[in-house]
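Presented below are the structures under discussion, each in the form of structure tokens.
Presented sequentially are two complexes of chain A, the first with chain B as partner and the second with chain C.
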Partner chain A sequence: MPIVIGFEGSANKIGIGIVRDGEVLSNPRRTYVTPPGQGFLPGDTARHHRSCVLTVLREALEEAGLKPQDIDAVAFTKGPGMGAPLVTVAIVARTVAQLWGKPLLGVNHCVGHIEMGRLVTGAKNPTVLYVSGGNTQVIAYSEHRYRIFGETIDIAVGNCLDRFARVLKISNDPSPGYNIEQMAKKGQKLVELPYTVKGMDVSFSGILSHIEDVAHRMLSAGQCTPEDLCFSLQETLFAMLVEITERAMAHTGSSEALIVGGVGCNERLQEMMGIMCRERGARLFATDERFCIDNGAMIAQAGWEMFRSGQVTALEDSWITQRYRTDEVEVTWRD
Partner chain B sequence: MAGSNSKARPVEADPSGCPPPMEGLQLIQQGAEARLYRGQFLGRPTVMKLRFPKRYRHPTLDERLSHKRTAQEARSLLRCRRAGISAPVVYFVDYVANCIYLEDVVGSLTVRDYIISQQQSGEGTSSLILLAEKIGEILARMHDEDLVHGDLTTSNMLLRPPVENLELMLVDFGLSFISTLPEDKGVDLYVLEKAFLSTHPNTEALFEALLKKYSAASKKSIPVIKKLDEVRLRGRKRSMVG
Partner chain C sequence: MAVPGSGLAFELKIPFPSSTLAKIALGSLAPDPEPRKGGITKELNVTEDTLHVRWRAEEARILRVSISSFLEHLSLVVETMDLFGPPMA
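Take a look at the complex of A and B:
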């Protein structure tokens, strides 16, 4: 019955979670929120994580009712992500692992999302849509790798939404995507935007430049409301995502879809994906914001799988990397 | 289009419960963006590809996409055949219902299924290399016509019977477009590379043979391959946060 603690801090969330055999014992988290119109910078984000990582760690242990000696392994995000926040959290993970005399596990952030999604939803072998601020990938498992069938060829969908939010000065609290989603519910008019699907790949940068270009002009001319723009952007981006997921499902013959990553808690995206799945006799699996958005338990869960299959990360290999593709990881825990 | 049943699981009952658009047609599969039916049209074996409304999409967006793709598919199939690239014959296009009536190539096999069966039989590495070269050649011809497929996968290439002759045919031109830009052709190859290597693990050598033949056969390959290298770096080295 191994118990694994997971440290996550690759972007603007810092989370520490504890998992025992598929059971999440605790999963506290803090988010670094920037003023409207601004994104989060690596240095400031790292400073935020540094200031609260020990509080979050204490919360995680107390909530789980565990002492350091009860933990069997310490998992941390090795990458991908922003350098400074990754380093900050890795240092803490390395330190406690040595203090407590426990093995380290360097986890790929994307694999963490997939394993958490599989655990929470019970999906067996799903086609995974992984959508967040920095990632947009359609992934399916085969022969010990999570293989990337489709992805963005420029920016991530969450990045497109975040940057659009900055154009309209939409609040970053609790997240720009959440506020766009609420505004989109009041949108009526579909503004025509570019739609760029290339096989199982997508491109968002053209849509962003286009909407940045026309937004203020259309708004001041009274041709549409900010809500209409949010609505049109969501409808267009999400239609593209559902389309490439369906393409990958058709190509691999898969009958399960799983949405993970921060954008995955958008209910309109889940609704659209659900309709697509129903129309082709497949099942949709999705999770809510506790597990979709970056958290510590997902790193603990992927670490638990690695630990169970005999993997550990030596101290000298416990460095972090900003670029770490999902398909670089050898998945030793699945057949 | 016949035999391309690997693009989806065989469909027993239409999950949406819609009747076929013409009597006597039989639903054979639900691909990613269309339903395929098989039957007779003016006495010929025919595959009918229906772009049915996708209810997850906004109706305005859906109609815009379905109409554009139906028109583009018909246009590109004709362009291929005019250029001597093997593709199914277009019998009829219904722009109101967004469906195309195409030649049914009875007994054809997708390249995807062919590669998998050759790999399973443990033999045929040399025939697979030959197949990869044939793919490279046909794509070079297509790109030299300034036709970009937009959705190249091994499911969208068929082998005419008898399959041992490796006579290739291209299908599914819904995302295709005309472009002279090396960037567009490079992305076309990049899309294929990813689909190829993720569908058929450990086939890097095959894809290399494909590209080598492409480079040799295409008159405009140098800037395209250069762009392909650039696009690959965009995918791999892009910083990925979150």
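Take a look at the complex of A and C:
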């Protein structure tokens, strides 16, 4: 019964979770929240993680009721993500792994999301939509790889939402996407925006420039409300995501769809994806904010799968990497 | 590996309570290469209970950034050792 501790800090969340054979024993997390109108920068984010990583580690052990000697392996996010925050968290993972004499496991962040989604929902072989502030990919498993069927060709969908929130000075607490979702519920009018699906891929930067350009003009002319803009942006972006997910499901013949990543806890996205799945006779799997949003348990869970299949990461190979594609990982734990 | 035409060098010797802890610090701090492609090199090694770090760089600015980031990482390693050590046999 291996017990794995997982360290995550690739973006503005620092989380440490402990998993034992599919059971999440603890999963504390802190979020670096910036003032309205501001994004999070690597140096500031690393300082945030530095200031609370050891407290979060203590909490993870205490909540799980475990001592360091009970841990069998130490997993950490190797990439992709922001360099400075990744290094900060990796350094603590390497230090405790050596102090405790446990093997290290360098985990691909995207694979962490997929494995956590599979664990929590019980989806067996889903077509995965991975949507967050840094990533937008449609993924399906085949022959020991999570293969990317479609992805963004510029910015991530969550980045598009976050940057739109900055234009309207929407609060980043608890997250810009959550606040956009609440405002969108009060939207009455659909403002037409560019719709940019390109084959299996999507593009969001042109939509962002367009809405940045028209937002203040339309608002000051009284042509729409901020709530209308939130609603219109969500409807447009999510329709694009549903379209490419459906096309991937048609390719793979899959009858399961799984949404993971921070944007995946948006209930309107889940609703739209649910309608598409129902029409195809497929099942939708999604998780709530505890496991959709970056957390330590997802890194522990992917690490647990790696460890169980015999993988470990040597200390000298434990360097972090800002770029690390989902399909670079050999999935040794699935048939 | 010397950087061609480099004029700047910096050296740190950090004593630890034991050679085990010095080696752990080396293991935690050595894996990540310098973020920039050229203009700076950093070598780390351990002799007995001391961690040695040697920098060579072309520009003072690059050298300063690398040293200050190293010191932050070092203090994180030491704090982690204090809170989650001592090393298990």
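Operating definition for what follows: the second predicted complex is superposed on the first by the 335 of 335 C-alpha atoms of A that agree within 3 Å, B and C clash if a C-alpha of one lies under 4 Å from a C-alpha of the other, contacts with A are read in each partner's own complex, and residues count from 1 in each chain.
What we mean here is this: contacts are C-beta pairs under 8 Å (C-beta built on N, C-alpha and C of every residue); 3 or more make two chains touch, one makes a residue touch a chain.
Everything numeric in this text was worked out from a predicted model, so none of it was measured.
Colleague: Counting residues of chain A in contact, which comes out ahead: chain B or chain C?
Modeller: B
Colleague: Based on the superposed arrangement, let me know which partner A:332 touches: chain B (first), chain C (second), both, or neither?
Modeller: In the superposed model, A:332 contacts neither chain B nor chain C.
Colleague: Regarding the shared-chain residue A:145, is it in contact with chain B (first), chain C (second), both, or neither?
Modeller: After superposing on A, A:145 lies in contact with chain B but is clear of chain C.
Colleague: Go through the superposed model and pick first if A:51 touches only chain B, second if only chain C, both, or neither.
Modeller: Neither partner.
Colleague: Pick one for A:87: touches chain B only (first), chain C only (second), both, or neither.
Modeller: Second partner only.
Colleague: Just checking: does A:223 make contact with chain B only, chain C only, both, or neither of them? Give me first, second, both or neither.
Modeller: A:223 contacts neither chain B nor chain C.
Colleague: One more residue to check, A:315. First (chain B), second (chain C), both or neither?
Modeller: The second partner, chain C, only.
Colleague: Is A:209 touching anything from chain B or chain C once the two structures are fitted on A? First, second, both or neither.
Modeller: neither
Colleague: So in the complex, the part of chain A that touches chain C is made up of which residues?
Modeller: It comes out as residues 50, 53-54, 57-58, 68-69, 83, 87-88, 90-92, 94-96, 98-101, 315-320.
Colleague: Flag every residue of chain C that touches chain A in the complex, lowest number first.
Modeller: 23-25, 27-33, 35, 72-73, 76-77, 79-81, 83-89
Colleague: Touching chain A in the complex: which residues of chain B?
Modeller: Counting only chain B, the residues touching chain A are 6-9, 11, 15-16, 30-33, 54-58, 60-61, 64-65, 112, 150-153, 155, 175, 187-188, 190-192, 194-195, 197-199, 201-202, 231, 234-242.
Colleague: Chain B touches which residues of chain A in the complex?
Modeller: 10-11, 80-82, 110, 132-135, 140, 142-143, 145, 147-151, 153-154, 156, 158, 190, 192, 195, 197-201, 235-236, 239, 242-243, 246-247, 249-253, 255, 261-262, 271-273, 275-276, 278-281, 294, 322-325, 327
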